[in-house]
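By written order: A, B, C, D, E and F. Residues from 1 in each chain.
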């Protein structure tokens, strides 16, 4: 199994979800993150003093998938979150040693 | 002249009404998304700033005194408030100023999240001058609808004690026009993120509005009887409207909501505004229920008809404003046995007067607001860019974000203001950037991502 | 009759007192968990809505005028406020309404996080009718405790200028009864998540309460001397109580807290309420210190005895209410040299009158509240389901959440209200679901997870 | 004596001014970081508590009546408010108390995030006694600057209707002194986390301040003409100052901000305070613009000169306080044709009087504040430890955090208060720990990490 | 070494901590997340318009463990967070290449 | 490729970023977390009742790196976040199977 982690633009959440759902993914986990890369930040001003914010808000989407599906899922995520501009983010995949569905105790691919 | 009870009441009332506009800022600001809350509040705050100045300079002068065709006063008659000599003259000017301030601020709820702040700062003084002042003059300043005015003499004077036409119908119509000109928010009717970000703020706003409304409705009372009636009606109508709205929600949606309670209060207050001195307490209860139910139903219209009146200025202020104004045709109490609404045997006279006042206010406000808003929209543009809207108007227009609660949030660096005047020429553009371009003209930095 | 200074003062005072109930909503709402904040606020808001209507219809009539056995007025004497003819009659009705509103709202703090909202909407009007109105009648309306009343004649009239018995003892006792009937929150005394979620809101609430309390205590003042004394006492007692509470915390826990400061203010205000017009400023300072220390200690009782008075209505309102009421037996100032408390050589007369008033208020409130609350609890149930409590009453009862600050939060989809009346029949059930069952009856969707 | 309109106005005004201090708590509290918000608010709240008590005991007595060398009143003349017999005596005491309360609270903004709360609780009563009372006596109590005072007779009486010197210059100077003694926050001028954490709270605070300021400026009005002029000026100056500040920001930084709007309002209110009854509405507009621009520029001085006046008490209150005080030398209206400022042909007399008043207030406040603050700093220390500052003063001084919105946050366990008096001896130390040492003396647990 | 990641119901945090502590685990990391799977969401209503929220709040618990303990820890987490209803969540394990305790610089199993 | 995850003191974010930037790292992701280990918590007091908070705020820093750089980056992070006191945190590394830059679709080392 694989765990696919995507750090992407917050506003892309909906299109990623749609993409994954139509591919047949039944679950995913989302959390808040922020980061920087090629994309530059912005400036806030409070009483004339500038605060340069360069960690920009992102979301982290995590999907657990079987080895066979992992590559397709990677492609689906990329396709649905790409805008071609800096700040689009990163996606990576790691090997999962074991996965369990808590409700039933099922393990391995059955857990996904 | 020594302070009388009437002077004190009016000064207190004026302070209460002024406090309503920041209350409105919270009522509205809590309903937007977090990334647009400050801008929403700023639209109310800047109304205080700009109308406060306009009123001192020419607004007060234009809304009373000798007028032009019974439509508007002479802006130069007491320009800068020179020449006002009655003892309570300035107190009345102050009280009147607070009405003008909140009326224009009310409009802003309809165009949340997407209006250019610069355009709003043009709209506010122009609209107050060309729309608010004339309507206030016609209704209260001795103009068309007054006892001596052309229409007032023809149909009998319309009753609008505290501003059903001048404030609520007027603002509601202007709000609708602005929405039609500026257009809907991105994602209107689809995006689940358009939910209120801070409902306690909405409730705080409603509470401040209710508190201040005792001054709004009551300030002009001159007798104890009238004062008492207004006070009790200003309690009864919103209380009943809150219940009306909540029952509607319970029946239709399954749950009574706190946003509904806050909204019902405001709907009831709007409806009782023109009627507060002229209906019985039981009449106020009935009027409140009707307004609460009607506005609770009316807020759905925008989805059906597709106009993004974001915070329901039309559904609440226009709808309940019309209800309150027209209801007087039915439930106005006779004055010393004379007149009164249909239900009190006063015949249809009052109803015609009320309908005429509402109709003319709607027409006047619609036409003038259209002209002003279109002029602004065609020249400087009334709407932010798509990118600015996505980033959020707080950041893109004000270079601020409303909250910063936490750790690990943003990071970044800090550039204190070493030069008193840095000579930066702002361009109003979004400080946030895309594509690795630092667009903030202020810094001059610009780097393109690889 | 033209407005007099007294009328103006009473109208302002009434508006101030009405503003206190939303203040209470924030005081309480900030102390609950984030997932129950709106429900807490709603219990206060709905009290305004319901009691506002009840008061206009029959409440005012039941709390004054010709009565039944010196216990309660006739609900139909001025039903709908018909027949009130004194110039300031309606102003007084309005002022009195605000007391009834806040009294019942005070109770809600004891049952935070777990009461059915529907049950609360039954409790509020019934309790105001059967408990508040009679006690108000007995103490202020010409009933038992008045100068002409049976007990008043026997023991001498008890002093309760602004509501120690009628408001605070009464609400405190009712709160205790409700807790005993409804039971403790899940995790009471164990769960570390039961901490206040927004302490600035608690402070805002305390500030609004203090501000409004000048109307609460002062509204009935008729002379400048009395007004000044009340004003200064309403500053002195809570100021001293704040210090008393903070010193207690510093000694006991090691840190003076802001929640403690806000709580101390309220304890001091409660204690000075009955006494505000009858003790010296230095007496008010002393009373404040005692109340602050006593309530700071009393809030621990619920853990010791195991009753989950969630936001300490008993510890603050009942305890400091009794302290203020009984203290008058000792420190009441003589009136024109006559009477006064023990310390002023007035003998024990006043003390007996005070003890009797407190005792009867406690007994009456306890018995009647028990009957009402049990009746509701046995029929419709006063408590939400376990699941609703875990999900949080905001979501399960009101289908709302208080805040939505951020990105990446929830996602979801949006269903605008296309039909004005969708005809959904709400069942008040939790919209949140478990087990893949979409329980919201409203939508009819129901899907079971694999 | 029956209540007159003047009494009512003064009681209302006093309540309004008292409400300003919690307003200030929000104005300041929203500007700190989230981890110091409660402490900031507590500095205002404790000022109400302590000065409330001090004023009743000896403060009122020291600020009026027979005095010592025209500098300060006798603390024992009406100690505990005994012996005040004029009908409105206590009302005036209450009104005066609220001024003393807010003046000392104003200072706290300069030392946000780093002052020992214990030291502040010593500073407050001492400073009010030794600095505030004398200055109030000299300006308003019949002292040096009064019509009969030595300086007043020499230069003509200075105009300070509502507290330009007594309140704003005084607080601003004291703030500067405290910063110089206590030192800058860690990371001052570098750390990007020093941004306001809750700007809506800042706006709420500004709104409450403005609302209350009508009482602050207006309370002492005795005629309708004066009341009206003050009311309108209290609207006009902050409105114009808001615009002045925002235009400055737009030009310099590129964006008008909501923090700027709120700040501009306060700057305008400060400037109009001494002048509110003595300038024309157009004069108030001009004064407002100047104050708004000047304070917007002045808030940058702290970075240039390196003194960490954290929330800009100097930039706003000292600068605009001086502007308002000195401006009277130019734009004071003649009274019944006599006197007036330079622009009204009154010659330089008024200007000298104003400059003298401002100068002496600055000197007196600077010297006395230095002595008091140094005494505290050298004995008990005025500043928290580095560790406490990093952890945040809310947690380290008050064992509280302002907000807890969420799930999955903290976890932990809960220890209810089973013993009414646990006998813990607080040590004021930070409950947060490092190095695996549980430093809370309360629990006695102490375990060192591996 | 292994990293065990559990996405579970927020209200299970306490029982998981108890379970792990009594097993002897000395540290863990928690963060907020939200997700969907078999579990359905809920509906919020604002001014009559329905907002269907289907990403439900979860917490992420992460424990670093030696290879030997990993399986037991997995079991402890599952046992202490299972309710048998949809929404119970997922737990997965990945191989850790290296782990360091920042304070001491210790590496490998010693770092845990 | 490797993914380096560090759970460290929030106040160390700036020095970590400086360290990584001067080493040449061009991007990273930050998110909020809380945890416990050897470090003890603190006590809050509300109306006299003590709330012992023992999950302390941390931040999670994640950096994607090539195999060659991973070890250096680990060292940089440790050096810039160490204070020598309990609570300093943990850093761990896992193997990454695939990484993609969303903007360009580049994979592997090129994506970093």
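The rule is short, and it goes like this: a residue touches a chain if its C-beta (ideal position, glycine included) is under 8 Å from a C-beta of that chain, and two chains touch if they have at least 3 such contacts.
Predicted model, so just to flag it, every value in this text is computed and none were measured.
Colleague: Moving only from a chain to one it touches, give the least number of moves from subunit A to subunit F.
Modeller: Tracing touching chains, the least step count from subunit A to subunit F comes to 1.
Colleague: Between subunit C and subunit B, is it the same set of residue numbers doing the touching on each side, over half shared, or a different set?
Modeller: different
Colleague: For subunit B and subunit D, what's the span in angstrom between their mean Cα positions?
Modeller: 32
Colleague: Report, in whole Å, the distance between the mean C-alpha point of subunit E and the mean C-alpha point of subunit F.
Modeller: Going by mean C-alpha positions, subunit E sits 18 Å from subunit F.
Colleague: I'd like the Å distance between the centres of subunit D and subunit F, where a centre is the mean of that chain's Cα atoms.
Modeller: Between these chains, centre-to-centre, one finds 43 Å.
Colleague: Residues of subunit E touching 2+ other chains?
Modeller: 30-34, 38, 44-53, 55, 58, 60, 85-87, 94-95
Colleague: Give me the residues of subunit C that touch two or more other chains.
Modeller: 5, 8, 12, 192, 195-196, 198, 204, 252-255, 257, 259, 299-300, 303, 399-401, 403, 405-406, 408-414, 416-417, 431, 440, 442
Colleague: Give every residue of subunit A touching subunit D within the complex, in rising order.
Modeller: Residues 44-53 of subunit A touch subunit D in their complex.
Colleague: Considering only the defined contacts, which subunit B positions touch subunit C in the complex?
Modeller: Those residues of subunit B that touch subunit C are 5-6, 8-9, 12, 16, 33-34, 189-192, 194-200, 203-204, 206-207, 210-211, 214-215, 218, 221-225, 227-229, 231-232, 235-236, 238-240, 242-243, 246, 250-259, 261-262, 264-265, 280-282, 284-285, 297, 299-301, 303-304, 403, 405.
Colleague: Per the contact definition, I'd like the list of subunit E residues that touch subunit F in the complex.
Modeller: Subunit E residues touching subunit F: 1, 3, 26-32, 64, 94-103, 105, 111.
Colleague: Within their complex, state which residues of subunit A touch subunit F.
Modeller: Those residues of subunit A that touch subunit F are 2, 6-8, 31-38, 55, 58, 60, 74, 78, 81-95.
Colleague: Quick one: which bits of subunit D touch subunit F in the complex? Just the residue numbers, please.
Modeller: Checking each residue of subunit D against subunit F gives 390-391, 395, 399-401, 408-417, 430-438, 440, 442-443, 445, 447, 449-450.
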